[in-house]
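Report on the following structure.
Chain IDs A, B and C follow the sequence of writing; residue 1 opens each chain.
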């Protein structure tokens, strides 16, 4: 039987696994945004911290995902098998693109704009929220988009530690040497990743107030 | 440039690791849990010391179906299988309860369908162990799966990927005993199910009856009072082609027949799983002690 | 035009150095009088921009005091201080995601003006700097020419009606014709509004044209302060250097010399 037949025959399980998958990605990306964006903003205020913070986030990205899950399992509080451990690992994976893009996006704002703002009597917070963040928003969103797409992929591995999600089909398919089963997990996961990429990409274009090219042209000739 | 290509070609051939370079190598595989690695190592060392042939090990190859696929494709020569698994999961026959009947059936089918020969059983039965925490068993005063069925509505189950999908696995078990859990059973790597049970994240798992962790984690094995599971006698499965080339392998492995009982297998598992001793050393010691 | 006697800005023996390096400013003492345009003239690196930034507390002195409206900058809240000072820089720094009207109304927005008042003020200022309000209010900076942007920059600096304006080579990046235009308009504006201005430039013609008084900075020290006429007639070598450079370009018929003053 082909993939579609399998999925329609096992509709309920499929919907359950898809929901689990979306929850894993949604919750972890949400947490990563709540932690990563403020951290990225902080780095623009204290640039000397940036090599170490970005370095640490980078280390997590380079650890192979299954290994990271394995490391986390024995830890108290955040460990154990299941969704919670998976979410911790997924948050760590999502942090680098979000922090880095927030940092780079705000840093790339024309210094003349910052100087004019400060000279006019804007407080640091006003400068941040009225000027820097709106101008950097497109780049920040790009970081979120990257993190989300990565998250959908890594979440398939979470099935190995009992976190559920579409990876369950993939692992089951590998164990049973059943390609239909593998595809039943892989295809929907790929589709979710693609959809997220397209949707967030569209949002980026809609929201970015000034395309980066134009920012450079604003300097008087 | 030509040297680079030549080098790449040689490297590729070496990596494919095959008969191009002379195939008097025997490949022994194991599934992805501890007992299998012990048995595979035992088979390997026994062949080496009795016949002097070189043996290559490929441990943690995968689950039942991966190993079966590998041996029928000729990628591996020997692995240890369980008669009940072969009967229900691979041959997809209805389960039988008599061990000899099961053995005879699988032996003749494997020979005719797959050109695979079954060696003599090693002497123990590793059946699926339906496990709950010892504390729960004592508190609720239950000893059989039927008794447990009354409580499962409030429990969560955790299984490996194979058990959930096999005919002799969860679907049949649930039907036979009328088991219904609070939510769909969670699936994860088989080894992790023990930890999940001990940590309280699930309440019932399907482990292996000879596992060393059962005693170590104070887990309780529920009795299969309705005799749902067939016998699972462990025995080596060997490619006929190998035996034709090297008949001495059969003789070497026959000497292992009935040499390990349930308790002994559990002890060996314990040494590796709980005391974290090296598999090769444990096997070597056992061979020195028992001289099969 | 009423001129009071209390200086709007006073520099009292101000020095500034960064770390152990060569001091940027040494012993600077001068004042800026109400309703005058004080031009800070000097070569690149003479410390003019630094001096300007000490006034709105973007920098702090290492020694001495900078007083604005009678109080030392170190005793004032920097944000409140800067809101009372208009700041115009060479790169302009308009916010690309705000319309022209929104850019002009930044300080009023920070000060909490209501929408109607802001709209009126933006329209008023656009007319003041020579831009038609209906046409330009809703445009974005990317749609404007360099000269138009700097006019908006000026309007922005005037929005909350600050008593003091600081301008750091505001026309330096514009073409000569636009530059001339804006210089003329600035002088007219100043005459109408009686604002106090401190204007930094290295262009001596621009300085002579705009200044009520010129302060010449040389290597971080005040080399001269006086009217344009006094500057041109001064014997001081630093002044002479500038004047001679000016004469030379005119004698050679250099197109950059432009039309005669």
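We take it that a contact is a pair of C-beta atoms (placed from the backbone, for glycine too) under 8 Å apart; a residue touches a chain by one contact, two chains touch by 3 or more.
Only a predicted model underlies this, so the values are computations on that prediction, with no experimental measurement involved.
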{"item": "Per-chain CA centroid nearest to the all-protein CA mean", "value": "A"}
{"item": "Most contacted chain pair (by C-beta pair count)", "value": "A-C"}
{"item": "Reference chain B; chain at largest CA-centroid distance", "value": "C"}
{"item": "Centroid distance [mean C-alpha coordinates] between chain C and chain A, Å", "value": "46"}
{"item": "Rounded Å distance, chain A centre to chain B centre (Cα mean)", "value": "40"}
{"item": "Centre distance in Å when chain B and chain C are each reduced to the mean of their C-alpha atoms", "value": "85"}
{"item": "Contacts with 2+ other chains: residues of chain B", "value": "none"}
{"item": "Complex interface listing, chain B residues touching chain A", "value": "62-66, 69, 158, 160-162, 164-165, 184, 186-189, 192, 195-196, 199, 201"}
{"item": "Sites on chain C touched by chain A in the complex", "value": "56, 58, 78-85, 87, 89, 91-97, 106-107, 110, 141-142, 146, 149-150, 153, 156-157, 166, 173-174"}
{"item": "Residue ranges of chain A touching chain C (in the complex, touch as defined)", "value": "110, 112-123, 126, 131, 134-135, 209-210, 214-215, 217-221"}
{"item": "Footprint of chain B on chain A - complex, ascending", "value": "13, 16, 73, 80-82, 159-162, 164, 168, 171-172, 174-178"}
